[in-house]
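Just below sit the structures, each encoded as structure tokens.
Both of the next two complexes hold subunit A, though its partner changes from subunit B to subunit C.
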Partner chain A sequence: MRRGADALLVAALVGAVLAALLWGGSALSGSDVLRVLAGGGPPEARTIVFGLRLPRIVLALLVGASLALAGAALQALLSNPLADPFLLGISGGGAAASTLAVVLLPPLAIALVPAAALAGAALATAMVWWLARGPLGPSPTRMILAGVAVNAATSAVILAVLAMASSPRLPGALAVTMGSFASASTEAVAWLVPYILLPAALLLHHGRDLGLLATGEESAAALGVDVGVVRRRVFLAAAMLCAGAVAFAGVIGFVGLVTPHICRLVFGQQPRRVLPRAALAGAALTVLGDLVARRALAPVELPVGVVTAVLGVPFFVVLLRRSS
Partner chain B sequence: MTLLRARALSGGYGRDTIVHEVDFQVSAGECVALMGPNGAGKSTLLRLLAGILPVRSGVVELDGQPLAAWRRRDVARTVGFVPQLVNLAFPVTVHELVEQGRAPHLGPWRPPTRRDHEIVDAAIARVGLAARRQASVASLSGGERQRVLLARALASEPRLLLLDEPAAALDIRHQLDLVEIVRTLAGSGVGIVLIAHDWQLALRVADRLVVIHHGRVWAAGAAGEILSARLFREVFGVEAEFLNGPDGLPVVVPRLTLGDAGLDPAAAL
Partner chain C sequence: MLCVRTHTRRCGFFILAVSIACAGPQGRPGLRDQTGAIVPSGPATRIISLAPDVTELAFAVGAGARLVAAPATADYPPQASHLRRVDPGDLESVVALRPDLVLATTAGNDFRFVARARALGLAVCCTDVTSFARLAEACRLVAAVVGCEPRGTQLAAELGARVAALERASAALPRRAALYVAWWEPLIVASPGTFHDDLLLRAGLANVAPGSGGRYPRLDPETLLDSRLEVVVVPDEPDMRDGFTRLLSTTAGSRLRARALRTIWLPADAANRPGPRLVDALAALVLAREREP
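Up next, the complex of A and B:
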């Protein structure tokens, strides 16, 4: 049954990518797209497919995979099914710095927004870590409480920035807080791919350790896990993934929270099995979310964060009801 | 052959030192019971011996090598540790939890082989939970959970087994099963250290008793060498007598002190 679920997951991913390639925003027919993919097609169609659609899809894949992977890892690390990049303030830190950068930087320096997001996420991560430190190192409970505090602070910064933003800058700042792949480009993808490789590999490498940690640190240590090292690495790797996602796509909610839950329901509880599948499922969900965001109310483009939330909230409510 | 030896071992949590200057050793095939009142430092000592709590001073040697020189995973392959309970934030099945015992042998990437599965199934059967193999651990009783944790440690195939109150929630049948499992393991050369509060169980299962009081070794030796009215008076604050049991083992009979005589141990001294 699980092998069938694996096949279904891959099929969903491929299907989402194909659908997003075929149904773009412009009046490009499906057969044109297929001809372009086969190596032919008119030049303007080639530009649309390779210059606009493909980078956007790949960016959505990378961001969705990063968020879901980070969420699955953090939930296991903190032994808390509700943990995700948002709860811990990491995404909030990145978003606060991004909106500040969008509003304050001169137009020519707008390329620095991702760098600002990374710095903001890093700062929020460091603050959570520092606030949560205790006599025995940061404990899961303290980390979640610290995350809630940092999150509140970053929300305040974002609201203040939006209130003070001049009207030409406001849409850009809003786009950060709502999440969007509209700014996708080949360059963005080229930056993101090497950046997420190391943290993603690190999380997958510690999959089994995370399974042991979910039953408690003493129990994990007794089974050979170097608890301090693994906790540091996993937290930093997850923070890096969230930061990268916020830097290039803004805040996209619920992918990091809900995808790991779906995967655990289908594939069992072991992070070793859940992590890689959460990455694939998160990628598929985000590509689909972006497709819906572009097409549902075309020509108006919905923020992708709205779509993932619309998909995620009902699921989350059902999950909460079932678990209580 | 000495498997594990601690010299002048001290440790604790935060600023508190719980265990003071403890000398301790256990040999292959030997079972040692740690006895002592609540809060004496038995669990802390066990964690220090397992290497999962940092040593403040002194040294723990496994196979003659200081623990600090061992890789964490190699310690885990050699020493099995059975905690009193584990965190169950995510629902795991009996089989999944016991399979964790194979982790030190598998490393980060290798999936469990058929042999690993056989070892896991044998460990589950050993503690009498074969029928509950796919049950969620959260649905089990306290005693059944303790047996799952014992099975997990058995699945690691350790040469030294450290058990933190393994019998606390067990019914009388499963206490006897535990005694049998421990004696069989000891017979096959595994060293065992367990914490117990039940003297009858400890006297049955252990070759040697070590009494911990205020974080120090108060007495150590075979039952015949250490059992005394003074031990129970000074360490536990109770008056006790000893009978000869039907199996030749002494039976500890604490005197019920319903009046004011026994309520203040200091006054009884």
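Up next, the complex of A and C:
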């Protein structure tokens, strides 16, 4: 059963990538894309496939995997099914800094927007960690509460920035808040890959520890888990993944929340099993979401976050009903 | 009569010279556009415009025949309506049309899109018109990148002369406190530093909008009740008329209703697009002011 589900997951991922490559835009037909992939086609078609579509697909894969992996890890760490990068204010911090940078930076400094997002997410993470500190270290409940407070603050910053943004900057600032892969480029992918590799590897490495933590801190400690270290590492690694995702694609909701739930329903509760599968499922969902966002009302592009919610939530509801 | 003929002949020679200068594709020098970015040198035989104002500029400097596509909103001059349509947010479609020059503007185009287009190797010239002086500069810039410098210089001089004449006419009018209303609900106005601010200034009006809050800040509707405010200048389009009608029935619209606050409606496209027809909007504004009771 699980092996079949694994095969289905990989097939869904490959199918989503192929569909996005062949039908991801209105300028080239599927046969044009195949001609380019075979080494033919005019230069502009090659630019579209290799300069626009492929980087966009790879960025969507990376962002989707990062968000889902971070969500799965945070839900396991905090034993809270609602925990995700948004609830903890991490995405909000990145988005607030991004919108500020989009509105304030001169046009030639546009390349600094992702750096600002990373700094904003890091600041939000630090604030959540600092606010959640108690006599016995940061507790899951305090972390959620601190996240809600930081989220409210970052939302206020974003709204203030949007209210004061000049009209040429407004589309860019709105794109940050709604999520978009329109700015995907080879350079963005090259920046993001090394940035997410370490935290992703760290989370996968701690999969077993997260499973033991779910049985209780004391029993986990008795079985050799350094609870404080694992908690700190997992939280920071998840925050880094979210920061990278927000920096290059803006805020994309539901992937980090829904995907881990779907994976737990299909593959069981063990974080060791769920984490890698959540990454794959998140990647597939995001690529598919971006494809629908581009094609549903083409040439108008919908916010990716809206589509990922529309795609993910009904699937989640069906699985939830079946399992109950 | 002789004088008129001589003048006509001179004009004819000038137009011929401009036509020859703009007759065909030419290599353009590498120039800096109004956002400070370098426009790579090269021919301009397949030009894509991403906004109505730069479409009008391209036609005005004599490069209309080399435009291969423009957005659906580009409807002036009438020939622009026959151009192939391109979505200014769809980079794939822009690339597929193989442009050797893309004309963009900060008044409507997403600057991240412009940055991506440049990163893909497209030659992009972006205008940033914030005043009539910058409009004249944009005329010369666009003309230079499409290889029609003489026409650009001539157009800039013509626009400059018209603006100067209108300024002289408005100098005799009383200076009044005004706002340029970009939207009624919520109340969004043009702040100092925008081309709309310069429009008010040249027509002898003092823009009372705050300098903070971006180029087009959102104001408290109570601003319309301030007795110091004397004139509101508004683009004449259906949505603005509807908003105005709704506002008249509210408390915030009481001064408008009582005509204590004068409303001047301007031709919307001319007033909203920072292109050559902005001077027509200025002429309409000055004329409306001259007819003040």
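As a convention for this text, the second predicted complex is superposed on the first by the 311 of 324 C-alpha atoms of A that agree within 3 Å, B and C clash if a C-alpha of one lies under 4 Å from a C-alpha of the other, contacts with A are read in each partner's own complex, and residues count from 1 in each chain.
What we mean here is this: a contact is a pair of C-beta atoms (placed from the backbone, for glycine too) under 8 Å apart; a residue touches a chain by one contact, two chains touch by 3 or more.
Just so we're clear, the structure is a prediction, and the values are computed from it rather than from any experiment.
Colleague: Subunit A superposed: clash or fit between subunit B and subunit C?
Modeller: After superposition on subunit A, which the two structures share, subunit B sits beside subunit C with no clash.
Colleague: Could you tell me if A:48 is touching subunit B, subunit C, both of them or neither one (first, second, both, neither)?
Modeller: In the superposed model, A:48 contacts subunit C only, not subunit B.
Colleague: Regarding the shared-chain residue A:207, is it in contact with subunit B (first), subunit C (second), both, or neither?
Modeller: After superposition on chain A, A:207 lies in contact with subunit B alone.
Colleague: First (subunit B), second (subunit C), both or neither: which does A:157 touch?
Modeller: neither
Colleague: Does subunit B (first) or subunit C (second) touch A:171, or do both, or does neither?
Modeller: second
Colleague: Check the contacts made with subunit A and report whether subunit B or subunit C touches more of its residues.
Modeller: Between subunit B and subunit C, the winner on subunit A residue contacts is C.
Colleague: With the two structures laid over each other on chain A, which partner does A:126 touch: subunit B (first), subunit C (second), both, or neither?
Modeller: Neither: A:126 stays clear of subunit B and subunit C.
Colleague: Which of the two partners, first being subunit B and second being subunit C, lies in contact with A:145: first, second, both, or neither?
Modeller: Touch status of A:145: no partner.
Colleague: Once both complexes sit on top of each other, what is the least C-alpha distance from subunit B to subunit C, rounded to whole angstrom?
Modeller: For subunit B and subunit C in the superposition, the minimum C-alpha gap reads 42 Å.
Colleague: Which residues of subunit B touch subunit A once you look at their complex with the stated criterion?
Modeller: Interface residues on subunit B, with respect to subunit A: 13-15, 47, 50-52, 72-77, 79-81, 83, 86-92, 96-97, 100-101, 103-104, 106-109, 156.
Colleague: Where on subunit A is subunit B touching in the complex?
Modeller: 76, 79-81, 135-136, 205-209, 211-212, 214-216, 218-219, 221-226, 264, 268-270
Colleague: List the residues on subunit C that touch subunit A in their complex, please.
Modeller: Its residues touching subunit A are 35-37, 87, 89-93, 95-98, 106-116, 119-121, 126, 212-218.
Colleague: Across the complex, what residues on subunit A touch subunit C?
Modeller: 25-28, 42, 44-45, 47-48, 51-53, 102-103, 106-108, 110-111, 163-169, 171-172, 175, 182-183, 185, 187, 299-301
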